[in-house]
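Right after this note come the structures.
There are two complexes below, and they share chain A, which is joined by chain B in the first and by chain C in the second.
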Partner chain A sequence: MTASTQIVFRRARRTRSGLGEVWADILLLAPGCGFLLLAMVVPVVQLGLASLGLFGLGRPSQFTLDNYAQVFGDSLLRGGFFFSLRIALATMVVSVVVATLLTALLQIDFPGRRLVSVLYKIPLVVPSLVAAFLVLTMIGPGGMAARLLAPLHVTWPSFVHDQSGIGIVIVLLWHNIPVTVLIVSAVAAAIPRDLVDAARNLGASPWRVFRHIIGPLCAPGISAAALLVFIDSFGTYAIPSLIGPAYPRAISVVMTTEFLQHANWGLASALGVVLIVTTAVVLVLYYRLMARLREQAPA
Partner chain B sequence: MHRLELRQVSKRFGGVPALDRLDLAVHQGEFLTLLGASGCGKSTTLRVIAGLVTPDEGEILLDGAAIRDLPVHRRETAMVFQSYALFPHMTVIGNVAFGLKMRGFPAAEVEQRVAEALALVELAALGGRFPRQLSGGQQQRVALARALVTRPKVLLLDEPLSNLDAQLRDRLRVELRALQRKLGVTTIYVTHDQAEALALSDRIVFMAGGRIVEIGTPRDIYRRPQARSTAEFLGIANIVSGRIVDTSPGACIMETPLGRLTLPTAEAFRVGDAAALCLRPEDIRLDSHAAGKGALAGTIRHAAYMGSMTEYIVDLGESDLSFRVQVSGDTVWNLGDVVSLTLPDNAAVFRQDAAAQR
Partner chain C sequence: MNTFWFIRSARLRWLLAGIVIGGAAIVFVLPIGVAILWSLVDPAVGWFPPDVLPSSLSFANWRALLAVPELADDFTTSFTVAVLVTLLCALLGLPTGFALGRRPLRLRRVLELLVLTPLMMPSVVLATGLGSVFIRLGLGQTIPGVVLAQTVVVLPYMIRIVAATLGGVPQDVIDAARNLGAAPLALTRYILVPMVVPGLFAGALLAFIGSLEEFILTFVVGMPTIQTLPMLLWSYLGGRSSFLTYAAVVSLTLLVPTLTMLFVVERVLKQEYLAAGFGKA
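On to the complex of A and B.
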């Protein structure tokens, strides 16, 4: 490089520093951060503002807490919140228990093991809506089970459109159990075989190996799977909409009704915020619990 | 009565024999090493003793009692794994206490014995740490403490030092042996490192192909191997093939490419037997000039300085043979130098096709 070219470069670097560099950085970050901002931050902020009566569609912007008052005050809405919560908790607990048992079962070599390991994955390829129709057809009112039992004068109990939400939970389990099994199996497979051998060699019976070694080591993975199931089930719309009861209605169903049918943007937004906050609280509790378990010494 | 006995133990993995009619007796308090190349069956033998592998045939006796059908968690053996297998979610104290807790010892006794065990391996100050916070050497000691605290009848060690660097390995080897002597616990050690086996053991069991080739003290097995595979595995072996041409009580005369050699041997040879002799590199003497009758002439083909000694590869003039010779100290000869080799008169002799089985 000649001396004159060097001088030109040095000068160019100097003029590009300062404000120029800042703009260059912004432009480079824009696609990634811009997407995050647009897709995630802006909608949530908009939701929060709309729930407070600000910048909502089709309404004059005016700060109000009426929407939240309605969410917590109206028994229908409160009922919907707890209904969603019940469904999510039931789905979470049952899918984790079943997935853990199924994973433990699949560790043992038994005749038909391969068949089972294929069968449990079927729901992964079946969309939940199709599963919902399946549930309606099989165990819904006038479904196959009901018609089979009718000649015996046995009344088939109501599993869909019922206030307990059992039908919803069944469909959600149909979808979530295979996913949970996949996660728990992967976690269990990651435990080195040596640890199990060492525990047995030190006097632990098979149950105690599970209780003291496999269980605790799988716990972080299992709880992550549980969290995913809860979040997914708490806010799910399609299934409760299709086979849920008229009352109480799941929180997502209420949100949609308020927004689409009643154009109540503010109330729908408030429900959305409640949904987000509940999920966030669960997430924070989960991380706190994990952190505390990591610090503790379960000797 | 032996502390531990294996009788005709066999194990196949998918048709491949991992152990083939193994017979082994272990004395109380001895340090026995199972030595061999990868795949020889030494780790499988250990796992059969621990109960982690069930043999297809044969019997295992601990203090005279058959334990083959006893489940793993009821056997009075303790194993230290190559990977240490420390429980990552438990502290050092938690790991060491695990075996005692599983066996139902009261809390006070557990605490006391754990403290003793940690003091024994000099890790008393690290009781509250988790395995991931320890170095390799420390983890190995925790694994050892965890096994010893249960006061097992037989301690099983599966290549416990192989993951450590050379210096640490040497140091821990000495400590391990001292500890074992102090406690007097019957120990079975698995390794592929022949130097380790020679340094640690009361007896060495050399294995190949799922069978025991030879058992003996380190000195016997090194100086007087009874099979070619043993000679070649333990240390450097200069093997010379030949034929027995005469025998006498306690000796034999062998015709070799080096000439006719008279060698002491306890083996009952017959004239005409194919045999081989093993010369250890440190036993061959090199001189710059003809040393005397019986000395061979050779040319230095390679010289490697190894710190405490120099290793030479010497091509022998008359035959295609070449010997590896180790001479302590600095390099004296260079490539191409003509030297005179004097062979020891006590080389080990064994049958050429020997896979000597005990």
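On to the complex of A and C.
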């Protein structure tokens, strides 16, 4: 529905109905939105309070800033935060670049394209732990890659439990590139054919069509996908806990260890608040950037 | 699917097809083949580097895991929870998806943002918050607790897919049918249901898959009483010491149903709905 028809609709409804319609909306929205609102607000409030030592589990309630002092003072925790940030940024950048190229490739008509468009969706339904296992059997120590390269006397580098976190990024990429391709190709599929045909008829090369028409029209989809990839990689637990290094440990791993093994919900909550704030900052930056891009774009 | 450009030379097209299909096979299909081999490795012989293929195969690992109740129990738990999550998502998501997809709403942007929040919150934070709240409410280590926790992260996909599906039914078609004298029942039977069923079916399957593969929330809320297949896999991969052969068996137990569902959905599903579910903004 376009914006203009929506306005016509809205006017018609409003004059005809009034209060009854509003109640119908509220009744319809209550189950889904009500549930999500409750499931978001209560845990976040609980985290905020527990991080300040208030109403925490298993400890007397007393206001304190110790948890935050520890988060910013402890080099182990700080290291974990930056490790997670690095992993998330690397995954985001590589995902977006590779996925954009792959989407462009999938727009070319070649035999077997339909098959590839099904195959690439496999990681979408593979649980992240299974993905970690699959990638491990391929590139881990004694994995397929190492076995195949052994006769050539090439030593395969170890990507597991390594300080750089490359192994974690590879698993995250295996999972996230297909998601990004899916989102970007849905956006690309919505581009009117006429526009591309017109440009081609007027003599634009495929590259110019990509640069000036498809690229700009896909930009909102690409940036939204980038955001999702960043958030998913930033908060991932299973993969770094399995194949991450002993130091630095990802912030999610530190957090989970704190409350599962040390029952230190206060510190875990403070880390959670830091994670939420970081994510919020990224979201605000994203919306600022998008707004600026929209302003610059010719009408 | 759109085609934006063509390659004239047939040889180049086949070359491109070969590279892309080969690459996709290596990246997406080969690992599953290797997992199958790992699950069939004979424990008496093993599969050590530099052998590219195991020297002997057996069903010993499958028999060993089927002999203890753990795998079957976790399988039952996983699938029971997945069915419950799907039902709850349908119950909560259908009315809300309908309102977001078809009704003029004043606060649409805010509501859409609210639906997206669970996806924009790092999952470990959600797990910590919900985990401590659920322990307080006595929902920790219970099936209802796990179902509610998983619903939080799966419901957004359901609502978005329902909204996209219902919103995609053109008003003209409904108006035309009414003008031509279709009764509400006939309208529903011949117009609405056929247009809407594929999307709703896809939403349900994605909710089901989403529940099956969810790990961190289930882990924090359910552990150690409630154990699902991903949690069993976690214990074979890292927790207890690594048993690649058993991990392969558990992985395949999870992969066979989810991959089957993917191929079913892929046939009935328009890409837009899938993308809507996965957070196309």
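We take it that the second predicted complex is superposed on the first by the 239 of 299 C-alpha atoms of A that agree within 3 Å, B and C clash if a C-alpha of one lies under 4 Å from a C-alpha of the other, contacts with A are read in each partner's own complex, and residues count from 1 in each chain.
Keep in mind that, in the parts below, contacts are C-beta pairs under 8 Å (C-beta built on N, C-alpha and C of every residue); 3 or more make two chains touch, one makes a residue touch a chain.
Computed from a predicted structure; not experimentally measured.
J.: Touch test for A:A146: chain B only (first), chain C only (second), both, or neither?
T.: Once the two structures are laid over each other on A, A:A146 reaches chain C alone.
J.: Based on the superposed arrangement, let me know which partner A:C33 touches: chain B (first), chain C (second), both, or neither?
T.: Second partner only, chain C.
J.: Decide which partner touches more residues of chain A, taking chain B and chain C as the two options.
T.: The partner making contact with more of chain A's residues is C.
J.: Touching A:V125 in the superposition: chain B (first), chain C (second), both, neither?
T.: Only chain C; A:V125 stays clear of chain B.
J.: Check the residue A:G203 against both partner chains and state whether it touches chain B (first), chain C (second), both, or neither.
T.: first
J.: Report for A:A291: first if it touches chain B alone, second if chain C alone, otherwise both or neither.
T.: Neither partner.
J.: Looking at A:V277 after the superposition, I want to know if it touches chain B, chain C, both of them or none. Which is it: first, second, both, neither?
T.: Neither partner.
J.: Check chain A for residues that touch chain B in one structure and chain C in the other, and list them.
T.: Touching chain B in the first complex and chain C in the second, no residue of chain A appears in both lists.
J.: Residue numbers of chain C touching chain A in their complex, please.
T.: 1-7, 13-14, 16-17, 20-21, 24-25, 27-32, 34-35, 38, 48-52, 91-93, 95-100, 103-105, 111, 114-115, 117-133, 135-136, 148, 151-152, 155-156, 159, 167, 171, 209, 212-213, 215-216, 219-220, 223, 230, 233-234, 237-238, 244, 247-248, 251, 254-255, 258-259, 261-263, 266, 271-272, 274-276, 278-281
J.: So in the complex, which bits of chain B are touching chain A?
T.: Of all residues in chain B, those touching chain A are 50-52, 72-75, 77-79, 81, 83, 85-91, 93-94, 97-99, 102-103, 128, 130, 146, 150.
J.: Which residues of chain A touch chain B in their complex?
T.: Answer in residue numbers: 192, 194-195, 197-205, 208, 212-213, 216-217, 297-299.
J.: Show which residues of chain A lie in contact with chain C when the two form their complex.
T.: The touching residues are 1, 5-6, 9-10, 13, 24-25, 27-33, 35-37, 39-40, 42-44, 46-47, 50, 57, 105-130, 132-138, 142, 144, 146-148, 150-151, 174, 179, 182-183, 185-191, 193, 196, 206, 209, 214, 220-221, 224-225, 227-228, 231-232, 234-238, 241-242, 252, 255-256, 259-260, 265, 268-269, 272, 275-276, 279, 283.
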